[in-house]
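What follows is chain A paired twice: with chain B in the first complex and chain C in the second.
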Partner chain A sequence: MTPSKDRNYFKQEPRGEITAHSEVATGDPFSPAEAEQVATLEQMPRGTSRYKLYLRRFFRNKLATIGLIILVFLMLAALFGGFFAKWDYTEPDFLALSEPPSPEHWFGTNDTGNDLYAQTIHGLGRSLTIAIVVSLATLVISAFVGSAAALWGGVAEKAVLAVIHFLLSIPTFLLIALVVADSGGDWKLLIVVLIVFGWMYQARVIWSLALTVREQDYVRAAGYMGVSKLRTIVRHVIPNIGSLLIIQFVFGVVGTVGSETALSFLGLGVKLPDVSLGTLLQGGTAAVQSSPWLFYFPAATLTLLTVSMAFIGDGLRDALDPNSNSGGKA
Partner chain B sequence: MTSPVLSVKDLRVNFPSEAGSVSAVRGVDFDLYPGRTLGIVGESGSGKSVTSMSIMGLLPDYAKITGSVKFEGRELLGLSDKQMSEIRGNGIGMIFQDPLSALTPVFDIGSQLVEAIQAHRDVGKKQALKEATELLDLVGIPDPHLRLKSFPHEFSGGMRQRVVIAIAIANNPRVLIADEPTTALDVTIQAQILDVIKLAQRETGAATIMITHDMGVVAETADDVMVMYAGRPVERGDVDTIFSQPRMPYTVGLLGSTPRPDVSAEEPLTPIVGSPPVLVDLKQRCQFAPRCPVAQPACSDGEPPLIPLDDTSGHESACLRAPEIRDRKIGGDLMFKPPQLADDVMAGVPRDERPTTLEVRDLRKEFPLTKGALVKRRVGTVKAVDGLTFDIRKGECMAIVGESGCGKTTTLLEVMDLKPEHGAVVLNGKDAAGMSNSERRAARKDIQIVFQDPMSSLNPRLTVREVIAEPLNSLGFDGDVDARINELMGLVGLDSSQLDRFPSHFSGGQRQRIGLARALATNPSVLVLDEPVSALDVSIQAGVINLLEDLKRRLGLSYLFVAHDLSVVRHLSDRLAVMYKGKFVESGPTDEVFENPQADYTKKLLDAIPIPDPEAARRRRDPRPANASPISQK
Partner chain C sequence: MTKYLIKKTLGWLLMIFLATNLAYLLAANFLDPRSNYIGRRPPLSAEEINNLLEPYNLSPDTPLVQRWWTWLTNILTKWDWGQSPVGEVVNSEISYRIWVSAQLLLLSTILSILIGVAVGVYTASRQYKTGDRVWQGISIIAMNTHVVVASIAVVWGALKINELTGKKIFYVVGSHSLDVEGFFPKLMDSAQHLVLPTISLVFISYASYHMTQRTLLLDNLDADYVRTARAKGLTRQQAIRKHALRTSIIPVATSVAFSIPGIFTGAVMTERIFGWNGMGQYFIETISKNDVNGAAAVAAFGAAMTAISAVLADVVVVALDPRVRVS
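Let's turn to the complex of A and B:
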C-alpha cells in the first residue's frame, strides 16, 4: 500500500476498485456522456469485484484450500456415506464382535458388533448438524444483541452488557453438563443448551465492533432519514461486520464440535444408541489396547473436521483482512 | 552558484498491488540549494509524499526505488537502514503531518528532545537538556524549562507541532522536509506554524521541501514550486512565475479551481473535469490529456518531457502547447470555461420578503463534567453551544465558521435532532419542541444533512440505488421511486447507468454527489452541510462547490453550512457567522464581514488565511512585523 500520509483530506481508495467513470460537473464543457467517453478512452483497469478478490486471496492460501477440500469431502461423506454402508449403525452383527477392518466391515466392529463405518458416518453427521445449528443460532443471537446494545446505547446497553458479563463469569461448561445430564442423551436438547450458554462471548466481540460502525456517518444519516433502529441494524450495521461474522461462524463450528464431543465423551451429551463422534471416542478409548481401530477412525475423522475448519477460518481471516500478507507481489 | 545540498535524479518508485505494479513516482528530478524552499504541490495520489518518504528512506521494503538521491554528494538510495539513521534527524529533518501521532505519548517531551540530540551528537545529559530548552524557546513554547517535563497530551495540536519542529531542527539539519505540516491544524495555528518553520529555516540555514496540496501555503512559503501530476513533475519555476504565468494546463486548472479568500466571488469556479489516472499500466502519453480542455492528437503520442521554456529562464513545463499559453489563456481564449449556473429562482426577491425556513433561537447545549468512579459528581459544565440565535431565509446560504472545538458540529447535530434541550429550533414555522414523534419524523423530509467524510457517509454494502432510495422508502414517497432516483442522479451530475455500483467504485467527489442526491431525495427546504468539501482535492472540490451553488439557485434551497475553510465560505455563502467558544462573535453578510471585520477574533482569523497569490501574500505579510508572529524575538 502507498504509505499515504495525506489521510486527513484523502481517505485511501480500495486499490483496483477505482472507476473509469470520471468526475462529472454540471454545466461543464462536457456532457456526462462525452466525459464518460473521454474517461474510457484508455483501458483503465476496471478493478476486480470484491468477492472475486476475496476468492482469489482465499485460494492463494494453500492450507485453506486443502481445508476446504477436506471439509467438502467430509460433508459429502456425512450426507451420502450412509448409502454405501452395508449395515445400519444401530444394527449389531453378532457374527463379528470386535472384528478389525475387513471387506464386510470397512472400519471394523465394536464389542457389541456395531459396524464402525456406519457409526462414524452417522456420528459425523450428528456432530456436524449440532455444530452448524448451534453456531448459526449463536451467531444470529449475538449479532442482534451485540449491535442492538451498541445502537441503542444508554441504559439498554448497560443492562445487556451486565447480563453478558455475568454469564461470561460463570463456568458454563459445568452448567451445561448439569442441565443435559438428565436428558437421556437427546441431541436436540443439547443444541438448545449449547445455544443458550454459547452466545455471550461473541455478542461481546460484536458489540465492540458495532460501536465503531455506530460512529459512521451513514448510521447517523439513517437516523436523520427516519430509518428505524431495527432496520438500521439489519441494513447498515450487520452487513458491515459481515466478514467478522463469517469467521466467527467457522470458528464457532470448531468450538461447538469440541464442546459437543467433550460432553459426549464424558457421557453427558449424545448417548447410545444414538452416536456422535464424542460417544464413539469414549467407546474407543476404553478399548484402545485390544481393538485400536475403534479409537483411530473416529479420532481421525474428528481431527480432519476441526483442522479443516481451522484452516478455512485462517484463510478467510487473511482473505477478508486488507492488511494481511496475502496481497500480490509485484 | 553554490552546489545543491540535495539532488534528486530520475527518482522512480513502484509498489506491488492486486491490480499490478503501481508507479507512484515516475521520474522526479530536482536540485535543492541551501536556504531555498521548494514547494511540491499536487493532488492526492500525485506522488509528492512518496517522493519525500523515499528521500528519507522510510518506504517499506517491498517498494521498488530506482534513480538517485544525493545528499551533500553522497548517494542515499541503497544505504542500509542503519546508515540512513545517521542521516535522518541529523542531516535531514522531517516534520510530519499529524502532530498527534508524531510524538510518543509515554515520554515527556524533554526526554524526546534529548533523545533526538543524543542520537547524533556526543553531548552530556545536562548540555542536551540546555539545548532542548533553547529549542523549545525558539519554536515559541512559553516557559520552556517548565514544559520539558510535560507529556505530549498536555499540549494542544499546534504546540505539539512546534515540538515536532524543535525535534526536526535539533541537530541543525541541512535539509528540512515538511510533509503537509499544517493540514491537520486550524487556520490561525497554521499561520503560526508556517512562521515557525520559516524561523527555523532562518536559524539553521537549511533548505526546505514544503509538501502541500494547498496553493495558499505554497504561495506564502515557497521560493520555487514543482507541480506534480500522476507521479511526475509537470511544471517547475519560481513561485511568482508559476502563479502569474503558469504554462501547463493542469497548473492553470488548479489555480482556477482554488477559491480566493481575498476577493468577492461572482464568477463560478472552474473545475477540472475527470479524475487523476490510476497509476497502473500507464500509457505513453500526456497523463493529463484526458482531462485537458486543449489537448491535441499529438498529446497522446508520447509523454511530453519537462523542458525549459525559451522565453523565461528557470521555468520548465511538460506541455506541448506551452509556448501558446499566455496569462492563463491559449490563443486569447480561456482554457477552462467557467460553467453556466442555473438562474436563481429567488433572484430579485429582497431578503426581507423571503420566507424564513429555519430559525434558531437561543440554542444551548451543555455537557456535564463529572468526577468520581462509582458515584459521578457533577463538577462543572462545558458550554458547547452557548445561546445561538439566527435565521435562514429561502434560497440563502448561511455559513458558520470557526476553528475545531468551537461547537459548530454540535450546533448542526442539535438542529438535526429537532429536539433542543434549551432554546428553540423552528423549521418552516413549526417549533420542533412541540412536535410529536411522528410529526418530527415527517419534518425530517424538510431538513437533510450532507456529511464531511465521503468515505463514511455512504454504507459500502449498499448500491447507489439503495443509498438514494433509503430516505424515499423510510420517509415515504408517493411517486415512482426509480424515476425520482434517475432525476436525482441527473441533478447532481452523475450518470444513471452507475446506479447498480457500490460506493467504493466512486471517487471522493462522486461520493459526495451521491450523498447530496440522498439528502435531496425528499425535496427538503433546508440542507445542512457539515464541511462538505473539506475532504476533497481542489479540482474536485470546485465541481462540488459549483454544484451546491447551482442547486441553491435552481431549487431555492436554504443551506446551513459549516466550514473551517474561509475561502470556500466566501465563495459559497451569502451570510456568515463567526463562532468562537460556543458563541457567535460576529455575523452579517459575507462580503461585509470579510471586508470590514469588527471582532478581533474575526480579524485574526481572516489575517491567517493563506492567499493563493504570492504577491498578495507578500503585500499582506510585509506590514506584519515579526512581533505579530507568536515568537518573541530574542
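Let's turn to the complex of A and C:
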C-alpha cells in the first residue's frame, strides 16, 4: 500500500516562486459523487434552475463578486484600453524620459521614454492571452489523458501514470527555461512549452477523480450498450467532473500568469520589444527608488489580476459544491 | 517497511537517472558554450574556441554521444560533474551554494509552517465567523501575490525606513557584509540581511499551510472521538488540540516533509532579487552562461531532492499515523 497516494494534493506552492519543479497546484474541491449530485438537481420538477442556483450562490460571496468586477474591468482594459492610449507601446517619447504620471503619460514613462500606460495595457493583454491559452490547452489535454487512463485501465493506465510521475519528478521549470532561453522571446513558443510541461499535475488529479466515475453504473451501462470509450469520456466522464474542470481552469490561469511573469522577469520568457507584466516588473525593480511608478503600476495590475481570479475560483468552488454551507442554504 | 523503502528508492534512482540524462541532452542541444568566448579581445577563431572548450568536454567538434558518455562515466566513476565553459568546477559550486540557500530558506520555512498551522487551527475553530473570513481574505491575497511584487514591496518599505532613521537598518542585497568581525556583530549582520527575504518568503508561503490545515481540521472537528473527548469533560480547546489536531496534522506533516528538501534547492526569484548566491541563482546562471554541465547537475540535484522528499513523506506518514501499514 502506498501510504500517501495523494500527497501532491497538499503541495501547494506559492504563486510565482519556483522550486525544483513548479506546477499548477489545485486542490480537490469535491468528489465526482458530489458533482453528480449537482447534476441531478436539473431533474427537479420546478423551482430554481441549476444555473440560477449557481449564480445566486456565486454572487452571495462578496469577495467573488468583487473579484469578478475587477476581472471584467481588467479584461475590458486589455481589450479596449489601447484605443485610449496616446502612444504606442513601442513608440518612445524622447521629450519625456523617466517622467512621473502626467496628463500626457497617464502612468508615466520609463528611461527610454516608453509610455507605461500603453505598455501595461499591452503587457496585461499578452500575459492574459498566454495564461488563457495555456490553461485551456492543459485542461483539455489533462481531462482526456486522465479520464482515458482511468477508463482504459490495465497496461495503458500504468504507462500513462509512469509518464506522469516521471514528468512530475523532473525539475520542469529548469527544462522550460532551457528550451525558451534561446527563443528570442517568442510568446507563441512560450505557450507551447508551458503546455508541454504543464499538464501532468492536473491529469493526475483528474485521473484519481475519473477512477470513481468509471465505477458508476451509467459508465458500465454505456459500455454494455456498445458506446465507444472515447464517446463515453466525452458524454459521461467529463460532464461529471465538469465543475472541477471549471475551477481547475480558473486556478490554472492564476498559476500560468505566475510562471509566465516569473520567466519573463528572469529574462527567459517574453523579451523586449514585446512586453508582458513580467518584463515590466523587471524594469520597475531596477528603478524602484528613482521612478517608483514603473514598479507600482505593473505590480498593482498583476496583483489585481491574480487575486481577483483567485477570489472567483474560490467563489466558484463554493457555488458549485452542493455540500458547501459557506453562505447559508441553497 | 525496509523492503518497501528499498523498492521505492530504487524506483526513484531510476527516475533521477533518466531526468538527469534528459536534462543533459536538452542542455547540450539548447545551450551553446561557444558564445561565452565570442566578443573576447583579441577575437578568437572558431577553432581556438573549440580547443579551449575541449578539456571541459564541451567542444562541439566531439560528437554528442561521445561527450555524453564521457560526462556520464565521470559522474559514475569519479563523482565529477564537470566544469563550466570557463572552468569553474560544478561540484564545488553546488556544495557551497546549497548552504547559502539553506541559510536563506530554513528560517522562513519554519516560520511559514508555524504561522500557517497556527492560523489554520485558529480559523477552523471559528468557521465562517469574522476572524475566519478576515484571515481567509488575507491568505488568498498573500498566496496570490507574486513573489516579485511581495519582495520589491518589502524592499521599498525597508528603504523608506532606512531613509527615515538615517541608518542602515536593513540590507537589501547579499547574504552578509564582508568587513564584519566578531561573533555578535556577524550574527547581527546576518540578521539584518535575512529579515527582508524572510518576510517576503513567509508572506507568500504561509497561506498554503493555513488553507490545508483549516480544511483538514474542519474534516475532523465533527468526528465522534472529538465529541467523546468533550463528553468526558475536556474543553473545546483541549479537545481540538489533543484529539482533532493530532489526526489532522499528519497530512500537514507530509507536506512539511516535502518542503524540507526545497530548502536546499533554493528560491529562484527571491535569491535573484535579494542577491543571494544560492542554488536558485546558480540555476539561472547556468542557463544564461551556457553551462551545460552545471544545468544538468542542477536538474539532478532537483530530482534527487524531490525523491528524498517523497521517500521522507512516506516515512513520516508511517511514523505518525498508526492506521497506515506498509506491506
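Miscellaneous remarks
Methods note: the second predicted complex is superposed on the first by the 280 of 330 C-alpha atoms of A that agree within 3 Å, B and C clash if a C-alpha of one lies under 4 Å from a C-alpha of the other, contacts with A are read in each partner's own complex, and residues count from 1 in each chain.
In the analysis below, a residue touches a chain if its C-beta (ideal position, glycine included) is under 8 Å from a C-beta of that chain, and two chains touch if they have at least 3 such contacts.
Small disclaimer: the values here were computed from a predicted structure and weren't measured.
By the document's definition of touching, neither partner reaches A:A287: not chain B, not chain C. Once the two complexes are overlaid on the shared chain, A:L175 sits against chain C while remaining clear of chain B. Look at A:D314: by the touch rule set out above, it reaches chain C but stays clear of chain B. When the two complexes are overlaid on their common chain A, residue A:R235 makes contact with chain B while staying clear of chain C. Residue contacts after overlaying the shared chain place A:L63 against chain C, while chain B stays out of touching range.
By the document's definition of touching, neither partner reaches A:L97: not chain B, not chain C. Contacts of A:L53 after superposition on the shared chain: chain B is touched, whereas chain C is not. Once the two complexes are laid over each other on the shared chain, residue contacts for A:A222 go to chain B alone; chain C is not touched. After overlaying the two complexes on the shared chain, residue contacts for A:V205 are found with neither chain B nor chain C. Once the two complexes are overlaid on chain A, the chain A residues touched by chain B in the first and by chain C in the second are 1-4, 7, 10-11, 13-19, 21, 25, 27. Remark: chain C residues 12, 15-16, 18-19, 22-23, 26-27, 30-32, 128, 137, 140-141, 143-149, 152-153, 155-156, 159, 201, 204-205, 207-208, 211-212, 215, 251-252, 254-255, 258, 262, 265, 267-270, 272-273, 280, 283-284, 287-288, 295, 298-299, 301-303, 305-307, 310, 313-314, 317-318, 321, 324-327 touch chain A in the complex. Here chain A touches chain B in the complex through residues 1-11, 13-19, 21-30, 32-33, 35-36, 38-39, 41-45, 47-48, 50, 53, 56, 216-218, 220-222, 224-228, 231, 235-236, 239-240, 242, 327-330, going by the rule given at the top. The touching residues of chain A, when paired with chain C in their complex, are 1-4, 7, 10-21, 25, 27, 63, 165-166, 169-171, 173-175, 177-179, 181-182, 254, 258, 261-262, 265-268, 278, 281, 284-285, 288-289, 292, 295, 299, 302-303, 306-307, 309-311, 314, 326. Note for the complex: chain B touches chain A at residues 14-22, 24, 44-45, 49-50, 53, 58-60, 62, 64, 96-98, 179-180, 183-184, 213, 271, 273-275, 277-278, 280-281, 283, 290-291, 293, 337, 339-342, 416, 441, 444, 448-449, 451-462, 470-471, 474-475, 492-495, 498, 501-502, 504-510, 515, 518, 534-537, 540, 542-543, 546-547, 550.
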